[in-house]
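You will see chain A twice below: alongside chain B first, and alongside chain C after that.
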Partner chain A sequence: MGTALHPVNAAAKDGRLLRAAVLVTVAAGLVLPIAAGFLQTARAGVGVMPAIGAADVSLAPFVALLDIPGFSTALRLTLLTGFGATALSVMLAVGVCAAMHGRMSPRDSGRLLTPFLAAPHAAMAIGLAFLLSPSGWIARALAPLAGWDRPPMVATVNDPAGLALIFGLMVKEVPFLLLVILSALSQIPVRRHLAAGRSLGYGRGIVWIKVIMPQVWPLIRLPVMVVLAYSLSVVDMALILGPSNPPTLAVLLLRLFSSPDIGLMMPASAGALVQAALVAMAFGLLLALDRAGRAIGRWWVRRGGRGLSAEPGLWIATALSGILFAAGALAMLSLLVWSLAWRWPWPGLAPESWSLNTWTTPGSGWAGALGNTLILAAAATALCLVLAIAWLEGEDRARRGRAGWAEALIYLPLLVPQIGFLFGLNVLFLRLGLSGSYLAVIWAHALFVFPYVMIALSDPWRALDRQLPRAAASLGAGPWRRLFAVKLPILLTPLLTATAIGVSVSVAQYLPTLFMGAGRVATLTTEAVTLSSSSDRRITGVYATLQAGLPFAVYGAAFLIPALLHRNRRDLLPGAAA
Partner chain B sequence: MTLHLDAVAVAHRGAEPLFPPITMIVRPGEIATVMGPSGIGKSTLLDAIGGHLAHGFSMSGSVRLDEADIAQLPAEARRVGLMFQDAALFPHLSVGDNLAFGLSRSVRGRAARRLAVEAALDRAGLSGLHDRDPATLSGGQRSRAALMRTLLAEPRALLLDEPFSRLDAALRAEMRAFTFEHIRDRRIPALMVTHDPEDAEAAGGPALDLTSLTPVSYRNCPVSKS
Partner chain C sequence: MRLPLILMATLAAAPAFAGWNDTLEAARGQTVYWNAWGGDDRTNAFIAWVGEETEERYGVSIEHVRLSDTAEAVTRVISERAAGRDADGSVDLIWINGPNFLAMKRQDLLFGPFVADLPNARYVDLSPGAPAALDFTVPVEGMESPWRLAKFVFTYDSARVASPPRTMAGFVDWAAENPGRFTHPDPSNFMGATFLKQALLELASDREVLLEPVTDAAFADQTAPLWAWYDALRPNLWRGGEAFPENESVQQQMLNDGEVDISMSFDPASAAAAIAQGLLPETARVFVPEGGTIGNVSFVAIPYNAANAEGAQVVANHLLDPAVQARMQNIEVLGSFSVLDPARLDDAAHAAFDALPTAPALPTLDDLGPTLPEPHASWMTRLTEEWARRYTR
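Right, the complex of A and B next:
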């Protein structure tokens, strides 16, 4: 033939460079530190901690850990709350989807779920504590009926069995799983499969279990793993709602790590390894269940049974979820009410007198915490947005999709327990002199913001009509003009949604702020969690209201800005077929 | 300008080429047609010429405009216009701004550029629609706006990817006449892929069947008249 092959041109080379640069940044900024942090924790866990003069490898830290009072109870509580919350949340979310699918437009359900997704865990937990406690709204509403003249002496929050914690986790996790399942369902011809199944004599609920869910499961497995890992290692919610003595493992470890006795560092590190092993085992169990479920499912499908009706189950799931949503909404409301309350004696349903006192004295501390929170959220989110756009644009310019391993990499920070590597990382940062700086905290936030920003942006980016950038290129627009004049403006709505998600993730960070900030960077979240154990609900209410209000405001802006800017652009308004 | 395709073939990752090598000359104002069933790689051929090949595809042979080989240039430097089935108007820009996006940089000054855009809108029967949302245009209006946007970029060649297949029969004839008239007026070589024999008939240029590479109803083009 004699003519050269030209598989790539300059733009594609440029794209590969960009892609490589982003991958190196992500690897150096994300994978290496997590690995280094783990290594550091692991070294301390087996007795090597040169800083305090321990140099010999031994199992002594593990022995010491076993001797810590309440360790075995903590372990049991962790397993109970982690698995309990995850299993119940998955069942409820699936049941609600089966019962409600087709009765609600994706747009409406998105609107309903957003506030619950945006609310930080800590604020939600504080609100639920206000609601559920013996002196809370529910008890006050029941008081006249039950004839209580004082708050009942029942531990409805911080109960030793961890039921309040399970409830709190479910209030946050059911909406998240609903969102994930709804987006998975949009990729499946649900209506046709449902019709086909029912015409063969299967009830609606049974078609969901036998036909729809097996298709949904592979799409939601990773998010369910995220929920499982989170539930097993949650700290902020467990501090506020969980059992206090003994607490769950993650809280016990936090106590050990922050104890003034540095001799406890090593057993705490050993505990962090146990925590990591626990999560790894949980993943193993989930995958084993996955396998077993497939085999059992096939056997069940082949039997062809049609008799069973799942309808009552669906309605129970919907009713229970309704209770969760109502509790979540009331919890958010109670934050605001408490922050404005002055005198609120038992058993009144509303305060007797109101006051703006706490709000009008920003010098009392909330102004500084709000400022810090804003700085961290803005910096971490901006950093992650730029990185995510660079990643996706690099894929476009190299004209190739994402490798599977890169996809898994994005999820990594969400799957490993925070306490496992944050302590070791802080030790490293201390040595580098970075501990306690804003930079260290911003970076730690970015670690958890990036996955969510990337997940939120990837699908809309890939769904963008490929002909538009092509048309722009054929009109002479180079890669940068295509990015800034065509792609980014069209993707304004998903970009703003990703921003809102990023801000809400950053605002919610408790452990990374605490560890990497070395206790010196006070945010709304760290202050709210600290205050939640104090008795002044008014001040706690102010911090928690601000903590929840910030993400709400950003989500609100993310709804309003595109609606205003695109009011005259029908194809870009939400609900338009993109 | 004359578009020369010299033994152009496209293959995916070392597999067999999608179609036998194509050699074709498209003269100024001539509309050549490539026909063939869907899935044979008609659109991929246009991607190769326009510089839009996806990763993993490689092109062999040469694509020249007059004497200049353009196969190594990035898409934006080739100045090869592209018309799609659906007009691919940018949804975030008004109709006028879509045209301004295409308008060549050689037209300078706000007033002059606005004037050029308005003139193009007039020519396309879209007067007064400068500020309209492209989503509110009819199918025919959208196609005409897209053609104007492409022509304002002063392309040296034009590629048409089944440009009329989404339009209903009456509109199709009208759009065909409108598009071809503009191409002939400006003496741009154009290559159209289609599976509609009527398109090829109306184009009047050389026509090639991609499965067999045999010329279909070859007729001399009417361009030499002008």
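Right, the complex of A and C next:
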């Protein structure tokens, strides 16, 4: 007995070591740079920037920031679009889940959501801008009916209230939240709760709000915070769909950072601090609402109202989500059509003439950008997969669950506004002579890929049937063999899904590529955003199509490879587990 | 277009410039990171072609870093200096002019003077006060090398607009008759600011003052009629003057989409080029207000810490090659007017320029009227600041 215990203890020790090694790597690669970047930004924000001869701590940068025309409007816009998009997305996603849950297999819903998750924000924004603009596809379809010989004079994109930006954010965030909620629901006996609730005379919608949501909410709180932080600090989508005079705070800051007037870097840094404070405040507000909701919810549940009337609300949510999905699909289609067009003037519903010119002209240079994008995505995703597997395996071997702080650590890069630390980090990297190198960009991508890979991999990893590695161990397989011969092959589907998510996150990175690549590392995303401010939608169409097509292809592979390899293993097929 | 042999022969026979051979030697094998606005596909293709040429001839390749705004490159150099990276910088060559040049020159962020050392500079009139020796009235002093001419023009669709405004003042009446059909790029953008400057040149009481650095009194005095004019124009702009296109490319797209009837450009050939590319209707034409429009020269400059300064000089020199300039002026390639002084060209070069094709939407030099000098760069900065203060809420 004593001899049998020995290897197990060794494995646990081994596991602790592995876990410690991964934690140190993550802390050194993730937390330290973010903190250092923030420090640099903060120093500039309070007036300390030795390079331009500013050495005295002062509030002058904040005064200058407040003095910038339209600053207060930008702040208001940011709050409106950030909170508006998040709140509406959560409501719609919950409504759709309530209405559709049980009517669609997880596999089908996964297939439906994938294209929307795969399409990068910038590509989606470019497509939506064409779809929604007064001279866009929808207006062109209506023109013969309404008798418009000129585009109507309404601000449907770049509107001063930011409604188009909210819509664009929702097109991306509702599918993400749907996926998150669906995965949370798989951990809750929804059918039983529903049946019990209905038998007590509660309406379907009310059971969802009163019984199921309170159980789902803790599981989706972090993802909702990610959506909130993203919506409050988004740059690429706001550039394309948002108002321009003044723009949202994040875009205003990017303009200040890239102004020829060097003195503006200090107010810009002060603005980055304001942006960070805004996100922190938003989190505080969300948690306060969380508290208040608990108290109110308890009182509400005890009151016992049956509320049969919530049903129409669910259908409205579903219909609205349907509109979002249709808009998203049309937006992506419009990009493809533009990339194949030659002349396409108003009010033509389809191009007047077609051409493959933009795809075959080397001048448009998409091949180089595609190559860069592939290299970055492959390297960053591979790095993150290895780290994630090491982390999870370390937890297994050490037989420890994840501490709350470790969970927070994983989410950190997604919760901190990018503009807050990327500028400071760039200065730091320049000092180290790393800026503009592929390594710097790969690392910056990994920063944002790692959280998603961890999130995608954690649940399936924990759901793994413990009997299998145990059986392998009893047959004499060591820990490494158990990992490579048993666990990883079984987890092939989630591993490939995590890869697909990782690739699509890497492809979509705009600010990190721009700042860390010093403009030298051109990817499909940086080029698509740059080109969206040019006059040639056909070339933009090529870039955006590739930008959306690449992650989509990887998602397709993530579906196909297991289907082929596991064609005779029904329980390992994608979608079978959930 | 291949280089006429005779031109190559002239080049080869050029007097040996002391040091130039050393530059060529050092440049061989370098990759020049040319930071240039990447919003125009024809320019991008032209830069790619120049890169092939310099690679073949001098072993210098060009990597075009596409910017959405030139200021990005300036910021990059500044943050490099902030980080103490005084050599081996990431920017080798910048397509630059006006305020960005002034900012870099003031901060001592430029390499040079180098222009006089370029063998092909002998084709350019660099005498004091010549267009290629001034950038927004700021003397260039050899710190940046010219490469293309720019002149402000408006583009309109002649199928929709019978008679475009004849003066800047006339835009007020035109917009009142056609509300929502005209706009200008956001003044934080170069082209938007140029639109305001064009109006300022016409409306100011004393043009000479505009060539001096701005003072508070002169600014208040000279811009008063401009703001009165703009206040009358603005309510009838596209979206009531509450939103503006980001740059002239977006506005050209809006012209093609039919959202507005007039767009503007700093390139007289842009309308003809856009028609050839299928980006504007065949009926698009160019017009300029009576009395002429602002013109300036586009330059390339080398940052003080450029890693490949020799290669950058080779590229700057090659851009001034008469054969390259003739290709640049070809409407089927780029259609930008050459910066070379015709009086300094030989017969072969003249023939190359005379043989260039023409197009219906391409204005002749006579159509374009006189060229007005840019106001001093400080006016542009004040103008955009004041505009933002007045009209951003």
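The rule is simple: the second predicted complex is superposed on the first by the 562 of 578 C-alpha atoms of A that agree within 3 Å, B and C clash if a C-alpha of one lies under 4 Å from a C-alpha of the other, contacts with A are read in each partner's own complex, and residues count from 1 in each chain.
The working rule: contacts are C-beta pairs under 8 Å (C-beta built on N, C-alpha and C of every residue); 3 or more make two chains touch, one makes a residue touch a chain.
Keep in mind that what you see is a predicted model, and the values were worked out from it rather than measured.
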Handout entry: Partner chain in contact with A:316 - chain B first, chain C second, else both or neither
Key = neither
Practice task
In the overlay, answer first, second, both or neither for which of chain B and chain C A:534 touches.
Solution key: second
Problem - First, second, both or neither for A:280, with chain B first and chain C second - result: neither
Practice task
Report for A:390: first if it touches chain B alone, second if chain C alone, otherwise both or neither.
Solution key: neither
Exercise for the section: Identify the partner contact of A:345: answer first if only chain B is touched, second if only chain C is, both if each is, neither if none is. Expected result: second
Handout entry: First, second, both or neither for A:520, with chain B first and chain C second
Key = second
Exercise for the section: Kindly classify A:153 by the partners it touches after superposition: chain B alone (first), chain C alone (second), both, or neither? Expected result: second
Practice task
Identify the partner contact of A:79: answer first if only chain B is touched, second if only chain C is, both if each is, neither if none is.
Solution key: neither
Handout entry: chain A residues touched by each partner, larger count belonging to chain B or chain C
Key = C
Fill in the blank from the handout: Both partners, chain B and chain C, contact chain A at residues none
Exercise for the section: Name, in rising order, each residue of chain A that touches chain C in their complex. Expected result: 49-52, 69-70, 73, 133-135, 150-151, 153, 155, 158-160, 243-246, 255, 257-262, 265, 342-343, 345-347, 353, 355, 361-365, 426-428, 430-431, 433, 435-436, 518-520, 522, 527, 529-531, 533-537, 539
Problem - Touching residues on chain C, where the partner in the complex is chain A - result: 33, 35, 38-41, 44-45, 48, 63, 65-76, 78-85, 90, 99-100, 103, 107, 180-181, 186, 188, 238-239, 242-244, 246-247, 249-250, 252-254, 256-259, 274, 277-279, 281, 381, 388-389, 391-393
Practice task
Write out the stretch or stretches of chain B touching chain A in their complex.
Solution key: 6-7, 21, 50-62, 71-82, 84, 86, 88, 90-92, 94, 101-102, 104-105, 133-136, 146, 149-150, 153, 155, 159
Handout entry: Complex interface listing, chain A residues touching chain B
Key = 1, 3-7, 9-12, 398-400, 465, 467-468, 470-479, 482, 485-486, 489-490, 492, 566, 568-572, 576
